[in-house]
Amino acid sequence: MARHEEELARELRRRGYSRRDVLRIGLQLGLGAASMGMLLAACGSSEPAAEPAAEPAAEPAKESIFDINSGNSGNWPKSAVADPGSKVEISVGHTWDAVFFERQLQFDKLFMERHPNIVVKAENTPWGEFRQKYTAAAAGNALPDLLYTQFSWAQETIRSGMYIALDDYIAKEADFNFDDFTKPSLVSYQYDGKLWGIPYDEGPGNLYYNKDIFDAAGEAYPDDTWDLEKLKQVAIKLTSGEGPNKIFGLGELPSPGDSLMAPNYLFPFGAQYLSEPKEDQCLINTPEAVTAMEWWEELRTKGAVPSPADLQNVAWPAFQFGKIAMTLQGSWATPPIAAGSKFNWDIAKWPKGPKAHSTFSAGSAYMITRDSKNVDAAWIYMNEYLSTAGQTYMWASTGRGSPSRLSAWPAYLGSEFAPPGAKNVEEAMSKGIGTHDIIDQPTGPRVTQAAGPIWDLVVAGQKSVKEALDEVFAAVDPIIAENRG
Amino acid sequence: MAITTPTPPKTTRPKLGGMARKEELAFYLFISPWIIGFLLFDAGAIFASFAISFTNWSALSTPSFTGVENYTKLINDSLFYKAMGNSLYYGLGSVGLGTIVSFLLALLLNQDVKGMALFRTIFYLPSVVSGIAVAILWIMILHQDFGLINSFLAFFGIKGPGWLVQPEWAMPSLILMSLWSAGGAMVIYLAGLQSVPIHLYEAAEIDGADTFQKFWNVTVPMMSPVILYNLIVGFIASIQGFVLVYIMTNGGPANATLVYGLYIYRTAFINFQMGYASALAWVLLVVIIIITVIQFTVARYWVYYEGDVKQ
Amino acid sequence: MSTSSAVRLQKSLLGLRNRAILWKVIIYFLLITLSISFVLPFMWMVSTSLKQSQDVFTYPPSFFPNSFEWQNYIKGWNVLPFDTFLNNSLIVTFSNVIGNLISCSLVAYGFARLKGRGRDILFLLLLATLMIPREVTIIPRFLMFSWFGMTNTLWPLVLPAWFGYAFFIFLLRQFFMGIPLDLDNAARIDGANNWQILTQVIIPLSQPALASVAIFAFIGNWSNLLDPLIYLRSTELYTLALGLNLFRGQNFTQFNLLMAVSIITLIPVLLVFFFSQKLFVQGVSLTGMGGR
C-alpha cells in the first residue's frame, strides 16, 4: 500500500506539484485519510523514500520513474569533432515504450545542456509500427538523422544504403575503445568491412527459473554444473498436476520458425541450421540436426512443455503466469518479468551440451542515416549516447540491462534492478557463451516464415521430425540460394 | 455496365438535349469534390503502386524494372494461393454470417423499449474497444480446456476442438469472432430500418399481412439497398483485413489463417519486397472488382430502390 | 353489443396485453443476456486498468481487480502529453466529420440522382479506391504529401475528408436511392433546383444515414493509427491513438496504464454514440417516416 503513495508522491513532486496540489489530487482520487497521510509524508521528505531493501528478485513491480540526475556519472567523452558554431537540429528515431521515453527525454535534456548548439528532437514510434513508418520515410528520403535499428533488419537496411559508415568518425576518437564492446554485439552492423551502426544493447538467452516451483519440489536451482541432460531430467521431474493447475518443466521447444534457435538447441549437439555467417547452406536435415531436434521433442511427448493450447496468450511470456518452471528468454525479458511476476525467480546460464556451450545473443543499435543534414552533430550525440556514461545512464542504471559495452555492466549489476543471477547474463557475454550466429541475413524473415508453418504440424503431432526437417530444407534452400556467390 | 444506377423513367427525364446537358453538368458539379480529391490524393498513389508492381523495389533504395516477373513469380507461389483461399473463406464466411447476425441484432435493437440507447451502445462496444481486450477475451472463450465454448460442449459430453490451435478450426474461430464486431453493420441497418416508410406497414396491415409477411414483403425489400451496401463493403473490408488475425494467430498454425492482407503486409514491410507486394495487391484488386461486379449484377434481381419508380 | 361478445373482446384485449408483455420480456431477456457477452471485453479493460502491473498476468485471467489502483489513470495520462494528443485528435476528428458529411452528401447526390456520361465507370472507380490494399499505397501517398510539403503537419489527416470518402459516398448513395423520386419531382415542380432538393428533401429524410456517417467518421478518425503514424514525426502533433500505442513497447507493455488511458479515450466515443441515438429517432419524428 505505502509503496504506491510514495511513488505517486514522487511522481507529483517530480512534476513540480506542491503539497497543496498533492492534497487536492489525493482528494480527487478519493484516497482514504491514512493513504493521504502517507502521501503527504512521502511528499514532504526531501529525498525519495528509500525502496524497501528486499531481495530484488522477489521485489514486485516498479514503475519506471526516473530521477534525471540518477545514473549520471558525468564522465562524458570529449569528441574530437567540434560542436557546431551555430544552432543545428538533429532528430533521433526511437521506439521506446511510453514510460521509458521519459528517460530518453532526460538524456536529451542533459545533452543539450552540454551542447547548447545542438537541438535534439526525439521521435518516438510504437514498436509494432516502427518498420512501416520508417520504410515510408526511407522511400521519401525523410529519415531522421539517427535511427534505431534492430539486428533482424540491420543487414537488409545497411545493404540498401540507408546509413553511413562510421569508421572514419570512430578513428578520430582516441577514447572510443572498440574492445569494450562484447564480441557478438557488433556482428549485425558490420558489412563490406565497415561498421554501420553502434549497438546499445546485446543480450544472451538465459534460463529464467521459478524458484517457488523448484522449492516446492525440493529441487536444487540450476547452476553452472548443469548440462542439457540435467535440464531435460529436471524439466520432466518438475512437470506435475492437471488442467489449470498443471506445472510445466520447460517453457518452450525449438522451432525452425525462430531465427534465434540454433545456438541453444543445435550447436550444443554439433548441429547447425544455416551455415553461419553467410547463411548460404541449409543444414537442418543433417543427421546431427535431426537427432538434436528429436532429442528436444521428447520433452513434448513427456508433456513437460506447454502445448500451443496451453500457451494461448497474447503478448507476454507464459512464464509470468507462474506455471512454468524454466524458460529460455533473452535478457530483455528481465524488466517485464520483474514487473509482471508474483513469485520468486532468478536467472541461470543456459546449460552446456555435449559438444558446445552456447546461447543466442541479439540486440539493437543506432545508425546515422544517409538523409542526415548534420552528420557531425549526429556523431557527437551518438558518441555520448552509446559511450560508457551514456549506456550507464540509459540502460544500466534503469534496469534495462545488457549494455553492449562491458564497462557499463558493473553499473547494472550494482543497481537495485539486477536480480542476483544477473552476473550469469554478464558472464554469458564476457566468456564467449553468447554467440551472434543467429539468422540475420536479409533472407532471414523469409526463411523463418517458410519453416515455421511446417513445424506447426510437428507441434500438432501430424508430422515426424525427420519428415518436417526435410520439408524445411526443401523450402529454405531456394530462398538462401541468393546468399551464394 | 453491371452497376447501373436505376435511372428515372423516360417520362420524367428531360427530353431536350440542352436539359440533358444541364443535368450532366450538374452531375459533374456535384461529384467534382470527389473527382478533384481522386486526382489529387488517390490517382497518383494507385498508379504508382501499379508501376511499382513491375519493379524489384525494397522501398529503401532505388527500384529496378523487372517487367512482369513479379506476376509470373506469383503464379508459382503456393502462399499466394493459400492466402487468397484463406481470405475468400474468411470473407464469404464472415460477410455471410455477419449480414444475418447484424440484421437480426438491428431488428432487436429497433424495438420500442426503454433504455435502448444504452443497449445499442453496449452492442456497439466490441467494435470500438481495444483490440487486445477483444483478443484476450476470445482466448478465454475459445480456450481448448477451460474456454466457455468447450465447457458448454462438455456439458453435453462433446469434446470441443482446440479452436485457435488446430489448423482446421482456426479459421472458423476467426469467423466466429468477427461476428462479434457486427456493431458497424448493425448501425447501418438501424439507420435503414428508421427509413422504411411507416405507411407501407399500414398498407400491408390493411391487406391483412401478419408480422412475418410484413417483415418479408416490406422490411426486407426496403432494406435491400442497405443490405447490398453491407455485402459489398463488408466483403471488401474483410478480404483485406488482418488486424485481428495479426494479434491472435499471426497467420498460424501452419498458415491456416495467413490471410491475404497479412501476406501483403509481411511481403512489403517485413521482407522489404514492395514490388512483389504491389503485384499481390493488384491481383487482389482484380479479384475484388470481379466479385463486386457480380454482386451488382445479381443485385438487379433482388435490390429494390424506392427512388427507381417504374411505371 | 351482447354481454358475451363484450367478455370475448375483453378477453382478447387481455390476451393482447399479455402478449405484449410477453414480447417485452423476451426482448429484455435477449438484450440483457447478449449485453453481458458484448460488455465483457470492456469489463476486462476496466479491471486491468485498476490492477497493479504484477497482477495483470494471472491465469486464468481474472475479471475482478484485487486492488483499485485509481492512480493508474492519472499516471498513464501524465506519462505522455496526452492533453496535447487530445487536442490534436479533436481537430482531426471534427474536421473529418464535418468534411465528410458535406463532401459525401454532395457526391452521393450526384451519383444517386443525376445522370451523366461515364457515371457507372466513375462509380466503379470510386469503389476501386477502397479495393486496393492500403499497404501498397501508403508509401506513394506519403511521397505525394511530402512533395506537397505537408508531412509532419495535420494536413494529410484533415484535407482528404473534404473531397469525399468512398465508403460514405456509397452508403449515402444507397440511402438517397431509397427515397422516392416523387418527392424530387414535386419539389422540382415547385421550382426547386438540385441544391434545394438535396438540402430540403434528401438531407432531412436521411438523418439516420448521415448520423451513421458521422459516427463512423468520428470513430474511424479517433482510432486511426496508420495515417498519424506515417505522417507525423513530432510528439506535439501526435494523436491519441498514436500516443496510446506507445504503451506497447518492444519488450514491455504496461497493460494497466494502456487500458486506463484507453478507457479515457473511449469515453468520448461512447458518448457520441449514445447521444447520436437521439438523431436516429429524430429522423423518424421529424419526417413522419420510419419503421415500427
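All chains are identified by letter, namely A, B and C, in their written order; residue positions are counted from 1 within each chain.
Keep this in mind: a contact is a pair of C-beta atoms (placed from the backbone, for glycine too) under 8 Å apart; a residue touches a chain by one contact, two chains touch by 3 or more.
Predicted, not measured: the structure shown is a model, and the values here were computed from it.
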Chain contact graph, described as a line, ring, star, complete graph or other shape: complete
Chain pair with the higher count of C-beta pairs in contact (B-C, A-C): B-C
Intercentroid distance (Cα basis), chain C paired with chain A, Å: 39
Geometric centre distance via CA averages, chain C-chain B, whole Å: 16
Residues of chain B engaged with two or more neighbouring chains: 59, 132, 136, 143, 146, 268-269
Overlap residues in chain A, where contacts from two or more other chains coincide: 132, 135-136, 139, 244, 315
Residues of chain C touching at least two other chains: 60, 139, 143, 255
Residue numbers on chain B that touch chain C, as the complex places them: 1, 3-8, 12-13, 20, 23-31, 33-38, 40-42, 44-46, 48-49, 52-53, 59, 105, 108-113, 116-130, 132-134, 136-137, 140, 143, 146, 180, 184, 187-188, 190-198, 201, 219, 222, 225-226, 228-229, 232-233, 236, 240, 260-261, 264-265, 268-269, 274, 277-278, 281-282, 284-285, 288-289, 292-293, 305-309
Footprint of chain A on chain B - complex, ascending: 58-61, 132, 135-136, 139, 142-146, 162, 164-167, 247-248, 251-255, 258, 266, 268-272
Residue numbers on chain C that touch chain B, as the complex places them: 24, 27-28, 30-31, 34-35, 38-42, 44-45, 48, 60-61, 103, 106-107, 109-117, 119-137, 139-141, 143-144, 159-160, 162-164, 167, 169-171, 174-182, 185, 194, 205-206, 208-209, 211-212, 215-216, 219, 223, 255, 258-259, 262, 266, 269-270, 273-275, 277-278, 280-281, 283-284, 288-292
Chain C residues touching chain A - in the complex, by the definition given at the top: 52-60, 69-71, 74-75, 78-80, 138-139, 142-143, 146, 151, 225-226, 229-230, 233-235, 242-243, 245-255, 257
Partner chain B, residues of chain A touching it in the complex: 131-132, 135-136, 138-139, 153, 156-157, 160-162, 243-244, 307-310, 312-315, 442, 445-446, 449, 452-454, 456-457, 459-460
